[in-house]
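Here it is, the structure, as structure tokens.
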Amino acid sequence: MVIILKQNAKQEEISELLQWIRAQNVDPQSIEGESQHILGLVGNTHAIDIDAITTFPAVENVRRIAEPYKKANRKFHHHDTIVDVAGYKIGGGNFQVIAGPCSVESEQQVISIAQSVKQSGAHLLRGGAFKPRTSPYAFQGLKDEGIKYLIQAKKQTGMPIVSELMSMEHIDLFNDVDVIQVGARNMQNFVMLRELGACNKPILLKRGLANTLEEFLMSAEYIMAGGNSNVILCERGIRSFDHATRNVLDLSAVPVLKRLTHLPIIIDPSHATGKAELVESMSLAAVAAGADGLIIEVHNNPKAALCDGAQSLDFPMFAKLMHKVDVLKKCVDSLKD
Amino acid sequence: MVIILKQNAKQEEISELLQWIRAQNVDPQSIEGESQHILGLVGNTHAIDIDAITTFPAVENVRRIAEPYKKANRKFHHHDTIVDVAGYKIGGGNFQVIAGPCSVESEQQVISIAQSVKQSGAHLLRGGAFKPRTSPYAFQGLKDEGIKYLIQAKKQTGMPIVSELMSMEHIDLFNDVDVIQVGARNMQNFVMLRELGACNKPILLKRGLANTLEEFLMSAEYIMAGGNSNVILCERGIRSFDHATRNVLDLSAVPVLKRLTHLPIIIDPSHATGKAELVESMSLAAVAAGADGLIIEVHNNPKAALCDGAQSLDFPMFAKLMHKVDVLKKCVDSLKD
Amino acid sequence: MVIILKQNAKQEEISELLQWIRAQNVDPQSIEGESQHILGLVGNTHAIDIDAITTFPAVENVRRIAEPYKKANRKFHHHDTIVDVAGYKIGGGNFQVIAGPCSVESEQQVISIAQSVKQSGAHLLRGGAFKPRTSPYAFQGLKDEGIKYLIQAKKQTGMPIVSELMSMEHIDLFNDVDVIQVGARNMQNFVMLRELGACNKPILLKRGLANTLEEFLMSAEYIMAGGNSNVILCERGIRSFDHATRNVLDLSAVPVLKRLTHLPIIIDPSHATGKAELVESMSLAAVAAGADGLIIEVHNNPKAALCDGAQSLDFPMFAKLMHKVDVLKKCVDSLKD
Amino acid sequence: MVIILKQNAKQEEISELLQWIRAQNVDPQSIEGESQHILGLVGNTHAIDIDAITTFPAVENVRRIAEPYKKANRKFHHHDTIVDVAGYKIGGGNFQVIAGPCSVESEQQVISIAQSVKQSGAHLLRGGAFKPRTSPYAFQGLKDEGIKYLIQAKKQTGMPIVSELMSMEHIDLFNDVDVIQVGARNMQNFVMLRELGACNKPILLKRGLANTLEEFLMSAEYIMAGGNSNVILCERGIRSFDHATRNVLDLSAVPVLKRLTHLPIIIDPSHATGKAELVESMSLAAVAAGADGLIIEVHNNPKAALCDGAQSLDFPMFAKLMHKVDVLKKCVDSLKD
């Protein structure tokens, strides 16, 4: 942590600050230039509140230098985390495609989609039972019925299932769900994150619409601080001024996160773009960028989907996509340094 | 709702679409130009899923024309909603200042702050017991103890209290809290919004960091759809590319929301700017813009605050601010058309 | 400037860096903690390229601490700059309203608008002769004719005139223009800024749509570096994800800029909001926030305006606004510390 | 164009509007629902000013339906435009890599870089002679000397050259430059765009930092409206709230632009990310997304670069990248539908 002192700070103001810093068991080292005086804080500065420092009259500005996350930090965990979902591995060179409908609509629907996406090569099934919808008047998901149908599909196909948890009050319904998804709007629902840290299931954590990568990793840290290290990060598009696509897919998050953290990173091109016709090119781009997986919406009949039909692939589109992803992934792997 | 058809849409594709629209009990009216063919949907289009329409091959684009919110919509409720908090009114010309510490730190602290801000003219007391913090390692609030201390302060001063609810599992602790605050990060925690619709307490709903005004009103609609119309909207700064202030205070939200909705709108200059020295000018600007109130962080000793000290006013700063707000409000009121 | 070294930096890599730094005549002071090693650079670091430093293998990160602007920096020029426009002063407590049509349409039009806004109390006349339009097919302004009509209006009313320069090739036409406006889209047209530094006219510099306050001040610095200190800053709204208003008016820029720079700051509520009905409340908010002036679009017949009619006030609206601004300004002045 | 009328619009207000619309030689067709009345405008609505319409008292809102660009619009020009640069084709399946230093520093430097990137497989040479720099105190490029050195490099290697024009006053120096680059900060320098429409050289048009794809295409339209159809679009990152990378590379712009326009689209991963270590993965992602080319900064000695060293590849990094791009491009081509 570096503190920049005000040009005209008085000696007693500086002394007051130094005394406070030392009371935090941290050693302030001084660097004085002609027109500037800065303090470098050496020691364990994690517990120090930046805001508290800025209230001292001597202080002009404070900059944190160390990343505020530890368990998620690659600096302290050099090897890639590999998350194991019922035998399917994600991360550390292992790539998975998760596919399925935005929302579960019937037992038959989800089973037929599961069978189709499995045949096309997807190993994990996604499906929403509890749906976060902007409007209170929109379809909100089949809830516990939806979870049951997903479990039926899992039984029929052997595919592990991924579904979104919208509130801890539903957690008991998720016993047979293999991966709990935390949606973008709950990325900073800290009570939920903390409680998920106490469960031992893999968590698929989606980046919030307007959250920085550092905040994203801090939310992963919340889960990991509770003892659950099975966190899969998912970039799904961020907000921008341009509404040509629903969100802007931030693909450079892949190589950046690969440097900052050891956790696996997957891409959701369906929610990022909001348009089925853009999913293929963004999926291929994600593979080339080095993502550890994809999560893709597939529907038996997108026209009749109760939710997000516009971004869902139909079966032939998905089969074609899986073929291309497969070929491209092999090519990308062959290019690894 | 207006549907723009593709230039080269085939007749059978258009027929398929028209048939589907009529099956929704909506009447599609056709406007054909030289190079464009559009359909205007007349009737109750609220239940129609825009996404579903875009999946039809004949469709190039769809635009919603009516606002998707009803109960929050001024078109259907012309008069200002006045929220009554234990006798203190907000909205419809009634202006209130809510003041207090970011987080409750001790009984004595919150009582002394309450007494001071009351003396300066604030009528409602704010204080955080459950604190949403980006880092799992930061101070998370005194929780149930904090609520108890707030209630003590209420008893001692007679000030109604405002506190943030982070999870419905804590709701029973809020029986004596007068206004439940939904924080920016929970603005789209739809399960919580729906459940708060069933309680009859005033809700202070903060705008999410990157949410549009329409989404903001849709979240109010969630609460109102459950039967609770006592919603106070709060603008507290939005994310931008510039980090000169913590967020960008979107003051034009005040006159825009005044047109779109009948709900009261208050401003939080403390969180918007993140800097105590900017709170006064933004408070005065909010009054001039027509806000129905302010919520301001005040601390007995900002330097020692456990949270957000940098943005907290001390007692003399707050007293001075209240004097200015008071004088300015009278001037602004005298200028009303 | 502070350099954070990589945890695993080798001694020879650090030596290479230290050698390079000393070759820039800057003294690197070392602060070593348990898990971190940082260098504080003392001396004149303005000439040092941050990018160059990050290419050294020993370097993890670099942070600039000093502001990169000097002439615009309040630290080095404590007193407010007062810009004098033909006897009308802006800044240092002097407040001015600049009013007029988005674009000059005819001699008669601009004269009648000038007479009306003067009667309502505006002292400076704005009018666009060269219009930056997103579409090549839209009305681009009357160009040299427009400038002539403005000069006629100046002669008839005595009001100094403000007009936008879109290219240095038109500069000769601006001899009798009192204030040259640099539009938001040209805020980083560095060739133009540099050349305007050589003229001695006041420059009204508009903030770019997505430029930080630091970049804004660096553009002012370009002009000032050439010897022209008569720069008036103008905040006119920034881009955001929400399109409820055309742009988001960043009013907290006023108190922030007041701290960072000694230059006057005015507000353009017309372009910021894009809607005439929002101009009044944002003008009053700007006054309360401490702005040094306003620039407002006024049109004799907004319905028939060739450009930006939706945001133009008509004469009665402007007269009413001026009355309110006048009353409010007196109130705000009476509240000064 | 669709006009939504106010619920309570009076009959004479509607008549006034209808009369005005008909005076524009456009036919307003009426669609009346229970709670809404909309007008669809049929005919040539390009000349109609949306702003003018919103000033009518009867009007609540107006939405444009047709894209405002014509010459750049794929609807009216179905086939891909192929830009020919001295025999090297870009677009329509033709892929090119443009490489070279951010800024030309000496004749020897640019020639050695040209030889190296040519050997690695790049066909076009980029190099900045006029450099847009945020600070007036930073290195501004070698200007006319720089152009001379580029031309020398072209003579020596046969590579066509690409260089940025910052002002039309320098245009005479660009006679032997093969592609004129318009930088992001000049994307809406409409005077320059218009004048470049009159030249017959290929123009590399970079997307502005905060410009929508529609605005991007309108700027291309400016050039094309003047008669020059040789426009190459270049996405180079947009502004966001997250500063983990310099900008956010908007790769979905590639498939979106491919649908909207027939012009070629290339990607600049160097400026988008600002970091050399991210260039490779973003280059590969761009290839997979379907881009028509890349423009990449390469420097003989990034550490000593006078500008943007942090984002420049050295020779071995570039050679490795070209090999990977080459292999991946063949794979992607083999997957085309």
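In this document, chain identifiers A, B, C and D correspond to the written order of the chains, with residue numbering beginning at 1 in each.
Please note the rule applied: a residue touches a chain if its C-beta (ideal position, glycine included) is under 8 Å from a C-beta of that chain, and two chains touch if they have at least 3 such contacts.
For clarity, every value in this text was computed on a predicted model and none was experimentally measured.
Distance between Cα centroids is largest for the pairing of chain D with B. By residue number, over half of the touching pairs seen at A-D are also found at B-C, the match among A-C, B-D or B-C. Measuring from the averaged C-alpha position of chain B to that of chain D gives a distance of 38 Å.
Work out the mean CA point of chain C and of chain D, and you get 26 Å between them. Of all residues in chain A, those touching 2 or more other chains are 210, 239-241, 243, listed in ascending order. Chain A meets chain B in the complex at residues 20, 46-47, 49-52, 54-56, 68, 130, 132-138, 140, 166-169, 185-186, 188-194, 209-210, 215, 218, 221-222, 225-226, 239, 276, 302-312. Of all the residues in chain C, the ones that touch chain A in their complex are 2, 4, 7, 29, 31-36, 38, 40, 42-43, 61, 63, 65-66, 75, 210, 239-241, 243.
Contacts from chain D toward chain A in the complex involve residues 210-214, 238, 240-245, 248-256, 259, 272-273, 277-278, 281-282, 284-290, 320, 324, 327-328, 331-332, 334-335, 337.
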